[in-house]
Structures are given as C-alpha cells and as structure tokens.
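One chain, chain A, appears in both complexes that follow, with chain B as partner in the first and chain C in the second.
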Partner chain A sequence: MDIQTLLSFEWGMMAPEFTILIVGILLSLLDLFGKDTWKKSLPWLAVGGVGVAIIFLLFQYGHGDISILGNTYVFDSFAFYFKLILLIATLLILLMVISRTVQQEVRDRGEYLYLLLAALLGGMMVASGGDLISLFVGLELLSLSSYIMVGLRKRDVRSSEGAMKYLINGSIATAFTLFGMSYVFGLTGSTKLVDIAREMSGSLGSGEPVAIIGFIIMFVGLAFKISTVPFHMWTPDVYEGAVTPVSAFLSVVSKSAGFIIIVRIFWGIFGNATFGGSDTLFATMIDFIAVLAFLTMFIGNLVALRQRNMKRLLAYSSIGHAGYILIPLVSLTPVSLENIWFYLLAYAFMTIGAFMVIYILEQQKQSEDISIFTGLYRESPALAIIMTIFLASLAGIPGTAGFIGKFNIFVGAVAADPAQYILAGTMAVMTVVSYIYYFNIMVQMYIRKPQLEGTTKIARLQSVPLILCVAGTIGLGVFPFIALNFFH
Partner chain B sequence: MIEFAWLIPALPLLTFLLLIVLREKLKKASGYVAVLISGITFIVATLVFLQLIDVGNFLMEWSWLTIGSIDISFGILLNPLNGLMLLLVAFISFLIHMYSLGYMDGDQRFSTFFAYLSLFTSAMLGLVMSPNLLQFYMFWELVGLGSFLLIGFYFYKNSAKQAAKKAFIMTRIGDVGLLIGLILLFWQTNSLRFVDIYQAVTNGDMSGGMITLIAILIFIGAIGKSGQFPLHTWLPDAMEGPTPVSALIHAATMVAAGVYLVAVMYPLYMASSLAMMIVAIVGAFTAIYAATIGLVQNDLKQVLAYSTISQLGFMMLAMGVLGYTAGIFHLFTHAFFKALLFLAAGSVIHAVHTQNIKEMGGLNQKLKLTSAVFLIGALAISGFPLFSGFFSKEEILASVWAEGQYGLFIIAIVAAFLTSVYMFRLYFLVFHGESKLTLDKVKPVPMTMKIPMMVLALFAIFSGFFNTSWFGTYIADFLEEGATYLEGIHHGSSIWLMLLATVVSLGGIALAYLIYVKNALNQENWKTSGTYQMLLNKYYMDEFYDNTFVKGSRGIGLGFQYVEKYFVRLIILFIGDLVTTFSRTGSKSQTGQAQTYTAVAFLGLVLFAAVYMLKGGY
Partner chain C sequence: MTTIPLQAYLILALILFCIGLFGALTKRNTIIVLICIELMLNAVNLNLVAFSQLGNNPGITGQVFSLFTITIAAAEVAVGMAILIAWYRHKNGVNVDEMDGLKD
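Presenting the complex of A and B:
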C-alpha cells in the first residue's frame, strides 16, 4: 500500500472515531498535567466530544457504502445505525457520571472518562470492522478498558473481585473467539470478511465440520460480551462490583458491541456459506442459537426473581433481554436487523434510565438493596413515576419503547420461516415472569412505607439524563415509526 | 364557519375537563361555566347549520390508523340529516343545562353533574358528526358511558346503582349486535366509511343474505339504545337519574340515536325488505306494547318513560315502512315535547318531592306555568290538531298506509289512541281534582327552570309547521336533498287521515276525561283483574329476564367458580412452585467462583460441539 492509495481513502468518514480518539487523548493529557481547577470541566469536554462525534456521524446519513484500508474498515448503513446507538448510550452514561453528587477521589474521575471513550472507540471499530483482525482489535480495546473501569475502585473489595472475575472470564472468552477465528482462517485463508464470505459460498465439502466447529467456538466466545448462556455467569458479580455508570456501560454499550460483532461475523460469513448443498451454514445452525436464546431468557428471568441487590437484579434482567435479542437473529426475516437495532436502542434508554435512578438513590441512601425503593413515591413522586416508566418499558407494557421492541421481535419470530413458535412463546411466558420482579419494585415504591433514612431529591444535573431517557422510552413507545423510518 | 365544526363536540369536552379538574375551585360557578359553554356550542352549531343549508354537504377527514392498504380515518361529516341532529342536540342540551342550574341547586356533587352532562353532550354531538362506523361506535359507547354515569348519579341509592348497571348491560347486549354487524361490514367492504358502505350496497358487492344479516345485527344495536322490545326494560329504570338527565338523554337525544343509526344506514335497509319488515314490526309492537303499560303505571316519570319507548317505536315503524322523513320528523318534534314533559315533570317533582301520581292532584292551582306547559306537551304528544305531534304522527300513519301495511296501520292507530289516554290520565291525575298535598309543601319553581320550559313549549306547539303539507315540507325536502337514495318515495297525506288522527286523539282525551275527571267508570273493579295486574307488572318482563338470563348466567358463573377453585388454582399453584424451584436452583448455581463460571462456559461449548458432531455424523 503506497502513500497514494493511503491518501485516496475517504478519511473524512472516520471523523467520529477521530473525534473520540482526540478527545480521549486530550483528556488523559489534561488529567495528567492539567491544573486541578481544570479537572472539574473535563467531563464536559468528554460530553462535548461525544456530541461532536454524533453530529459528524449524522452527516453520514444516507451515505453510500464505502470501505477503506482494503476492506478492513467499512462504512455501511449497518455501521452507521449501530454506531449511533453506541454514541447515544455513551453520551447518556457520561451525563450520568457528571451528575455524581458524592465526591469520590478526584483522581478517579479523569480515568473513568478516557477509559469510557477508549471503550467507546473500541465499540465503534467493532461496528465498522470488515476484517477479523480489526474486529478483534476493536473488541479487545473495548474489553481491556472495561476491565480497568470495573476495577477502578481499588479500595473496594467487591470492585477488585468483580474486575478479577471479569478479566479471567474475559480472557478465556477472548481465547475462545480467537480459536474459533483461527478455524475460519484456516479454512479460507483470509481474515477479510468479504474474502471469507466468498470462499465459503463455494462448496465447503470436507471443510464443513471445521466451519461448524469454528462457528460454535466463536459464538460461545462472543456470548461472553452479550452475557448469554453459557457465558453469562460473570454478569451479576461484575455489575455489582463496578460503579453504577460502569455497570450501565457494560449492560448497554458493551452488550450492543457484542451483538454488532455477532451480526457482522455470523450473518456476514456464515449467512453466505453453503451447507450440504442447499441451505446456508447459518440456517442450519439456527437451532443452536435458538437453544441458547431459550436458556438465556429462561435463566435470566427466573434467577432475577430472587435478587435483592438492584444491580444484580438488573444484571439478570439484562441477561433475559439479551435472550430476547437473540430471537430476531434466529428468525432471519427481512426485518430482523431492524428489530435488533430498535430493541438495542429502546434497551439503551430504559436500562440507562433505570441505572440512573438506582445511581441517584444509591448515593443518597448508601445502599443498593431493593429497600432503597421502599416508599419512594412518598419521598419523591417524580422519581417514582420516572422509575415506573423505565420498569414498564423493561417489562414491555404498551406505550413504552420496550413494548414496541418486544412486539416487533414477537411478530418477527411468528412470521419467520420456519416460525419460531417455541421462542416466541418462551418470550411471552418469560415476559410475564419478569413482571414479578419489575412490579415488585413498583410495589416497594408505591405501597410500602419508607424504611431507610435520607431525603430523596433530584439534583438539576441528575434530571438531564433522566429526562432524556424518559423522552426516549416514551417517544419510541408512542412514535416508533420515527425511529423505524429513520432506519430504512 | 363550517371548518370549525369540530369545535361543536370539542367545547363540551373542554367543559368536562375543566369541571373535573377545577371541581373544588369552581363549586357553584361550574354550573354557569357549563351553561355558558353549552350556549356557545349551540351558537356555533347554529352558524354551522346555516352554512350547511347553502353548502349541502361537508366532510373533513384525518387519517388515524393505516394498516396495510386500509386507512381508518377520523373526521367530521355534515349532511342534512346529521346537521339537523346536531342543531337539535345542541339546542336541547343548552336548555337542559340551564334547567339543571335550578333543579340541581344545592346538590353536593353539583360540579360533577355538569361535568358528566357535558361529557354526554360532547359524545352525542361527536356521534352525529361521525363519518364512519368506527368513530360512530366509539361515540356510541361514550354516550352509553355518559348515560351510565348520570343514571347512577345518586349512587348512594341502591336502586340508582342497580338501574345504572342494568342500563349499561342491556344496551351492551345491543352493542354486541352492532359490533358484529360492524365487523361483518368491514369484512365485506374493507371500509367503515358510510359513503363506501353506501357505494358497496349500490354496486351489489354484498349478497342479499349478508345485507339482511348485517342490517338486522345493526338494528339489534338500535334496539338496545332506543329501548325497543325486547331490550327496553332498562329505560324505565333509568328514570332513577336526575330528571334533567331523563329529559336530555332518555327522551330527547341518546335514545333517539338508535333511530338515527337506522337512518344513517338506510341504504342498507332499503336493500333488504326483510330487515325493513323487522324494523317496522318491532317498532309497531313496541309502540303499542309500551303504550299499554303506560296506561296503568303510577310513577310520573315511569309513565313518561314508557311513553318514550312507545314514541320511539313509532319512529322505528316509520323507518320500517320507508317513512324516512316521517321518522326523523317525529324524532325532531318528539325531542321538544318529550323534553318539555320531562322538564315539567321535573318541576313538579322539584316542588312536591314525590313521583307518585296518586299522591298528587290539583297542582294546576299552585304550579300554573308548569301545568300549562305540561298540557301543551300532552296535547302535542297526543297529536292534537295543529300541535307539532299531530303533523309528525300523521306523516307516520300516512307512510304506513302508503306501504299497504294495514295490520301495522291499525296497531299504530290504537297505539296513538292509547297515547292520548295515558297522557291525559297523567295530566288529569296530577293537575286536576282534589289537592292531596298540603300547601306549604309546594316549593316555587325558579326562573332558570321556567325559561327552558317556555322555550320548549313554543317548539312543542310550532315545530310541526316546519314540515306540513299546507305550508311546505321544509324538513323533508332538506333531508331528501342529502339522501339521494330516497328519491321517488313520497307519502302525501290526505284529508281523511288527518280527520282520523284528530278523532283518535280527541277520543283518547275524552276517554281519559270521562274516567279520571268524571269518574264515569268504576276504577276499583279493574285493579283486581288479571289484565290490570299484568300491565302494572309490565308484562312480567323483568321477572322473566331475572328468572332466565340473570339466574342462568349466575348458575354458569357458579359452575365456573368451582372449576376455578379446584382446577385452575391448582395449576397456578403448580406453576408458581415450578418457577420458584427453578429460580432457587438457578441462584444456587451462582457460587461466586470464577472457576465455576468458566467451567460452565467450557462445558457448554463441549456439549454443543459434541451434539453437533454426533448429529452431523462426523
């Protein structure tokens, strides 16, 4: 690759990534060498950076598909729409970080910020990755930053424990993923997705079992990121150990990135690979993912019933939601991608909103137990109603984004060929089960009397992410067509 | 102005919201707010109507739901028929609002009453402006809700509670018919817009049998709402509501919605002679059936309620014999005189605090105005010459005769005769004879109640002249302008019919005079007779329903309760236990050991790989 070709690439398309990179580096420098008085405004710099990146990204709306660096980095509509989710979610989480009222060690602050941005950059690289290597690098950037973020409260035992577990499990998952990728590479002799897909679309012949092994191993490895069975067990411990904004980040951004890479690799490669002459390899492996989806929904929702720690509860609930999102992956209808996207977007708003409410209460009451919600309606009706909106959306009550997301997935599953009645049914049943633990929180808020000391007030800064999340949750619930039309 | 027609239902809705929210603050003033806004509503309706006379037709639609290629809209349709209804409803509603200021004075839930009344008015106005059946159906249910709330207004009285419930359930039975008809129509025509339905009928898109079926199902809805036999029993009980409510909802407007529904769907009925026949027979039967019951009831409002049922029967009869304009014309005049009668009855009740006519008498001394307007109303409903009822009833008779339905004609004549008998029985017993009440028990009637009565009295006398064979058939011409399918149907009246109607009306009055003033017949003898007892007990319809449907459903309910108790609950307990067990096992496996987590992941991988290898045969 000579300098000529290098310059001929449309680097402008990478403006969002560059913005995040530059702001991240700037933050780390300012954090190291800047005056203490500047440090207060550092979070705003991060917010501004993400905001600018979103604007740069929006300029790409409707832009045709192009790729640079020899197809290793692609800008297609898929990358565009999913990057948007990552950026919006990170923006909300940054606002959540800013709203912190309890002063912790000042030194932590800057680190959180540039680690968040580094992780975000990793996520964006995953969204645009067109090569197994670039996908892997992006994923690792995301993962490594996440490991540190979980462990940043180093004097907290739970934090260190969580970080350790996350690191160990994550490393094993990485090993799985790489191992699986090596099979694919061995079979096709390339790491570029385009080339792999082309190689695989021919007859695989005796390569079929190798392809299947690669498929299974890679999927299990990536299941770690989206915390689905069998790689889900780290989730509650890590969410509990991390500070709440980081839990929210893992739950939304990291998980979205996981789905992005799964869709990219599995639909991109195996969706084109012929198998046994007629079907695609992906189509023959549908049952495998369906079983995982079933188990994930089942375990996530049932175990959530017994949780009293709010972050653990949301961790299990997020496992359940990941199970729902696997359904469109299996259904393979023309609207599957749209359904995944919409659900991730809705999930971002409602989950970050719920974490935000927990974050506010946790700072005021110094607890993460479900009892922080008892009698909330009497202490702060507004906060109780806002939490009700998020819970209703998580539970999938009509009028909220969560309902539309679930409804679309359900319809997609039933309309698919072959129809996934079992998955659709499981989803419906598990949604009912999830009512138990979501509504239990409402019972605590509205019916019980307050138990813990402390007043509950929403500070002005705290209201910003709350309002945005409520607007997103209700807006997508009442006018889902705005988002869906935008996607088309 | 006509573009602002949407204001007409929106304004009372605004009143409703205002009064509900500011109930505590407005208190007394809420009544005046409601009267003021309903007055504005009436003015807007008048302006719209005046413009409509020039324009002839007006349609405004907004797309509401789009499902595939099917577009369901929401909007406003104005044509001569619903323009007339609009004006009528807005006018009477305004008068009743004003009357209620006096009547409901001192009630604890004064504001709530006006809020409900406004809600009803809004729904009724929305109903008549609907351009499609779905919107119609929504407002149809909303007026039902308004009626339910107002019948049960005195909810602390058990009878009122029961009556509200009964009204709701009985009309719901009819509504189910309407809903099925609506769904069938949608299935057949892929649209619920009236114009599309008419078009489908004209094009012959539906089979004759289907048209008849749909027409009958829709008519069942009309039967429920308009208190026609056999779903009429709720209407007399609905008199538990405050009297202004009886006047507005259960005499002038809502109960007429059934007739309006038939009128709106008229092309459908015209395409099915069987459906028409059923409408005519049900109408005629109800007319005479309710009139006979009205002869012996002793509750002032009950008699008026049966009279309403009977008059609605007349309207249905007219509809069934192609007397479209006659039916609507009678709806129009009936709204005035029946509202008047109820308001007059209300001011009697307001003054003497009883509804039993046996305890009244000689009230024309103390309630001069009330007595006069009641007499006007009674003359109008009896079809006394030159009063409004005379013209409209005569037109119905002419329609029946012209269709050659001589059997129905005789029934109608007898029912008309009975009408004057029971109305004048009422008049003579209440206002004539010995006063049975002590003087001081009679309260004066306030001005806010007098004015509406006087206005309505004027209309009860003169509204007939809007449509006479002598001075011009304005209403009929206007209606026919908007309904092209009516062309070629015209029932001229004849002198002999007018004479016959006069004779019948006067004969009834004379008979009532002989019995109740002159005491020419021994009344005590009848009371032991079987017929009298049967009429007094309203043909035992309530008892019949109680012993069949009500008890029957209770029995079925009881059976299901046992199924629930011993079968369903067991299953639920089992499922609950299952969920808890799984949940407990699941959280136990969460040991907190990173080794376990990894082991699970490895095991999972191995398991899946093994299954696939075995299945694939590699």
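Presenting the complex of A and C:
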C-alpha cells in the first residue's frame, strides 16, 4: 500500500475518534507535566473534547457508507447512531464526575478522566469496526480501561476486590470470545466481516457444527459485556466496588458497546450464513438467545427484590434491562435495530440520572444503603421528584422514555414471525415484579420520616446532569417520534 | 513439512482451553488463575496459527490476529498484576477465597 492509497481514504470521517484520542493524550500529558493550578480545569477539557466529538459526529448525519483501510474501519448509519449514544452517555458521566463535592474519593483525578476517554474510544472503535481484529482491539481497550477505573480507589479494599473479580471474569470472557472468533476465522479464512459474510452465505457443508460452536462460544463470551446470563455474576460486586460514576459508565457505555458488537458480529456474519438449506444460521439459533434472555430477565429482577445496597439494586436491575434488550435480537423484525437503539438511549438517560441521585446522597450521607432515601421528600422535594421520574422510567410507567422503549420491544416481540409470546409474557410479568423494588424506594422517599432533621441541597454543578437526564427521560417519553424520525 | 493434520492442532487447542478454564475456575491462588487464563488465550493463538496455515484460504491474517492477541493478553496480565498488588496490600495474600467482602 503506497502513500497515495493511504491519503485517498476519507480520514475526515474519523474526526470524532481523533478528537477523543487527541484530548485523551493531551489530558495525560497535562496531568503529568502541568501545573497544579491547571489541573482544576482538566475535567472541562474532557467535557469540551467530547462535545466537539459530538458536533463532528452530527456533521456526518446522512453521510453515505465508507470504509477505511480495507474495511478495518467502516462508517455506516449503524455506527453513527450507536456512537451518538456512547458519546452522549460519556458526556453525562463526565458532568457527573465534575459535580463531585467530596474530594477524598479518587485523588488521582486526571487518570480517571483519560481512562474514561480511552474506554470511550474503545467503544467507538467497536461501533465502527469492520474486522474481527479491530473489533477485538476496540473491545479490549474498553475492557482494560474499565478494569483500571474500577480499581482506581486503591486504598479501599472493596475497590480492589471488585476490580480483581472484574478482571478475572472479563479475561475468561475474552478468551471465550476469541476462541469463537478463531473458529469463525478458520471456517472462512478471513477476519473481515464482509468477506466472512460472503464466505458463509455459500453452503457451509461439514463446517456447520463448527459454525454453531463458534456462535455459541462467542455469544457466551460477549454476554459478559452486556452482563447477561451466564456472565452476569460480576455485575453487583463490581458496581458496589467502583466509584458511582464508574458504575454508571459500566452500566451504560460498556453495556451499549456490548450490544453494538453483538449486533455487528451476529447480524453481520450469521445473519447471512445459510443453514440446512433454507434458514440463516442466526434464525436457527434464536432459541438459544431466547433462553438466555428469559433467564436474564428472571434472575435480574427477582434477585433485585432483596437488595438493600442501592448500587447492587441498580446492578441487578441493569441485568434485567439487558434481558429486555435481548428480545429484539430474538424477534428479528425490521424495527429490531430501532428498538435496541431507542431502548439503549432511554436507558442511558434514566440510569445515569438514577446513579446521579445516588451519587449526591452518597456523598452527603456516606452510605449506599436504601435508607439514604428515607424521608427524602421532606429533606429535598426537588430531588425526590427527580428520582421518582427516573424510577418511573426504569419501571416503565407511561409518559417516560422507559415506557416507550419497553412498549416497542413488546410489540416487536408479539408482531414477530414466529411471535415470541413467552418472551413478551415474561417481560410483562418481570416488569410488574420490578415495580416492587422501584416503588419500595418511592415509599422510603415519601412515606417514611427522615432519621435526621435537615435539608439536602443540590449544588449548581450537580443540577446540570440531573436536568439533562430529566429532559432526556421526559422528552423521549412524550415526544419519542423526534428520536425515531432522527433514526430513519 | 505439514504431515500433521489440522484436526490434531484443533484438538490440542481445545484440550488446552479446557485445562485453562478448569484451572481458572478451581484454583485458589490468583496468580495461578491468571496463568490459566493465559493458557486459554494461547489455545486461541494455536487455533489461529493452525487455521492460517492449514485452513480454508490459508494466508497471513491468522498470524497477524494472533500477534494482536498476544499483545493484548500481555497488557491484560500487566493490569491484572497491578490490581493484584493493590489487593495484596490489603490482605497480605493472593487467595481467591478471601475475595468475599462484596456479596449479597
């Protein structure tokens, strides 16, 4: 490849990634060599970088598909829409980091920021990866940065323990994913998704069992990222051990990246592979995913019932939500991708919002127990009402983004061919079960009396992510068509 | 040169992967667990290299992929050891059984 071909690629399409990369490197250099007086403004540099990346990305709206370096990096509408979720969620989490009032939690402030950006870059490369190698490297960039972020509070034993558990689980999951990828590579002799899809669209012949083994092993490995059965057990421990913004990051950005890579690989490769003459290989394997979705919804929501620690509760609820998002993968209608996207967007706003409220209360009361919500309505009516909005959205009450997301998935599952009545029914039942633990928090907030007299104030910086999340949750709930029209 | 059939490599890799998985799930020493994870990743490398030489459409891609895998596995172990040292300072040991501070 000579210099002419290298220059002929449309490198401008990678502007969002380059922005994040440059800002990340700049932050690490400034953190190392800069004066202490500068360091206070480093978080704003990170926010600015992500903001600029969002602007660059929005300029690419409606741009045609292109590929750089022989399909290693692809830009298509899929990459565009999912990168937008990653960037918006990271922006909200950075605002959450800035709002911190208690300083002793993580002293090494700069590291925190550029690890967040490195993880975001990994997620964006996953969204644009068109090659098994670049997908894998992007995913590992995300994972390795997350391991360090969880363990950053190194003087806290819970943080180290959470990070160690996360790393061991994550490495085993990586080994599974790679083992599956190696079989897919062996069947087709290529790592480019386009070539793999072309090779697989012919008759697989005696390769069919290998393809099925590759499918299952790869899916099990990637289930780690989206924290579904069988790799879900790390979630509560890691969320509890990590600092709250990092828990929010794992819950939203890391999970979205997991769904992105699953859609990219499984629809891209196995959606085209013919199996047994007629069906695609993906269509024959949906029962496998359906079982995982069923178990995930079941376990996540039932175990959440007996949680007292708020971060553990949100961890189990996030497992349940991951189960809901698996349903569009099973139902395979033309609107499945749209449903996944909308649910992930709604999920980003409501989950980050809920984590933000917990973060505010946690810093004031030095506790993560559910009792931090006791009598919150008397201490701070505004905060209680805001939390109610997020809880209503997580529970799926009409008028919120969570309701529209759940409704679309439900309709998609029933309208699918063949209709997934069992999954749709499980989803409805589990939504009702989830009311119990979400409403329990509301009971704490409105009915119980506060243990200590006093008021809880929201600092000005803390209100910024809260207002954005409320706007997103209500806005997507009342005017979902804005987002859905944007998607087309 | 290549008189050994592809299947032999694949079976060896599968056995290595299973040994690694078994060790990672049962061993008590965290360092052994990390070594077992390395074993699983090396099984993948064996698969990739065997496929790139003897599989369909032989080429250099598989070897490149295995180079990436080796590099990232090294990074993963480096992070793992760093976290393990942080953990060691708290507990003066590397026993997996003692990681029971976080539970329901």
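For the reader, a short list of remarks on this structure follows.
The working rule: the second predicted complex is superposed on the first by the 481 of 488 C-alpha atoms of A that agree within 3 Å, B and C clash if a C-alpha of one lies under 4 Å from a C-alpha of the other, contacts with A are read in each partner's own complex, and residues count from 1 in each chain.
Here is the rule we go by: a residue touches a chain if its C-beta (ideal position, glycine included) is under 8 Å from a C-beta of that chain, and two chains touch if they have at least 3 such contacts.
This one's a predicted model, so the numbers in the text were calculated from it and none came from an experiment.
When the two complexes are overlaid on their common chain A, residue A:N272 makes contact with neither chain B nor chain C.
Looking at the shared chain after the overlay, A:V433 reaches chain B, while chain C stays out of its contact range. By the document's definition of touching, of the two partners only chain B reaches A:F231; chain C does not. Touch criterion not met for A:Q364: it reaches neither chain B nor chain C.
In the overlay built on the shared chain, the residue A:L302 is in contact with chain B alone; chain C does not reach it. Of the two partner chains placed by the overlay, only chain B lies in contact with A:I216; chain C stays clear of it.
Once the two complexes are overlaid on the shared chain, A:S128 sits clear of chain B and of chain C alike. Of the two partner chains placed around the shared chain by superposition, chain C is the only one that A:V157 touches, whereas chain B remains out of contact. The larger set of touched chain A residues comes from C, when the choice is between chain B and chain C. In the superposition on chain A, contact is made by A:A173 with chain B only, not with chain C. Once the two complexes are overlaid on chain A, the chain A residues touched by chain B in the first and by chain C in the second are 164-165, 168, 172, 236-237, 303, 306-307.
Contact residues on chain A toward chain C in their complex (touch as defined above): 132-133, 136-137, 140, 144, 147-148, 151, 154, 157-158, 160-165, 167-168, 171-172, 174-175, 178-179, 181-183, 185-191, 199, 236-237, 240-241, 303, 306-307, 312. In the complex of the two chains, the chain B residues touching chain A come out as 579-580, 582-584, 586-587, 590, 592, 594, 596-598, 600-601, 603-605, 608-609, 612-613, 616, 618.
By the touch criterion stated above, chain A contacts chain B in their complex at residues 164-165, 168-169, 172-173, 176, 208-209, 212-213, 216-217, 220, 223-224, 229-231, 233-234, 236-237, 288, 298-299, 302-303, 305-307, 433.
Here chain C touches chain A in the complex through residues 10, 17, 20-21, 24, 30, 33-34, 37, 40-41, 43-44, 47-48, 50-52, 55-59, 61-62, 64-65, 68-69, 72, 75-76, 79-80, 82-84, 86-87, 89-91, 99, 101-104, going by the rule given at the top.
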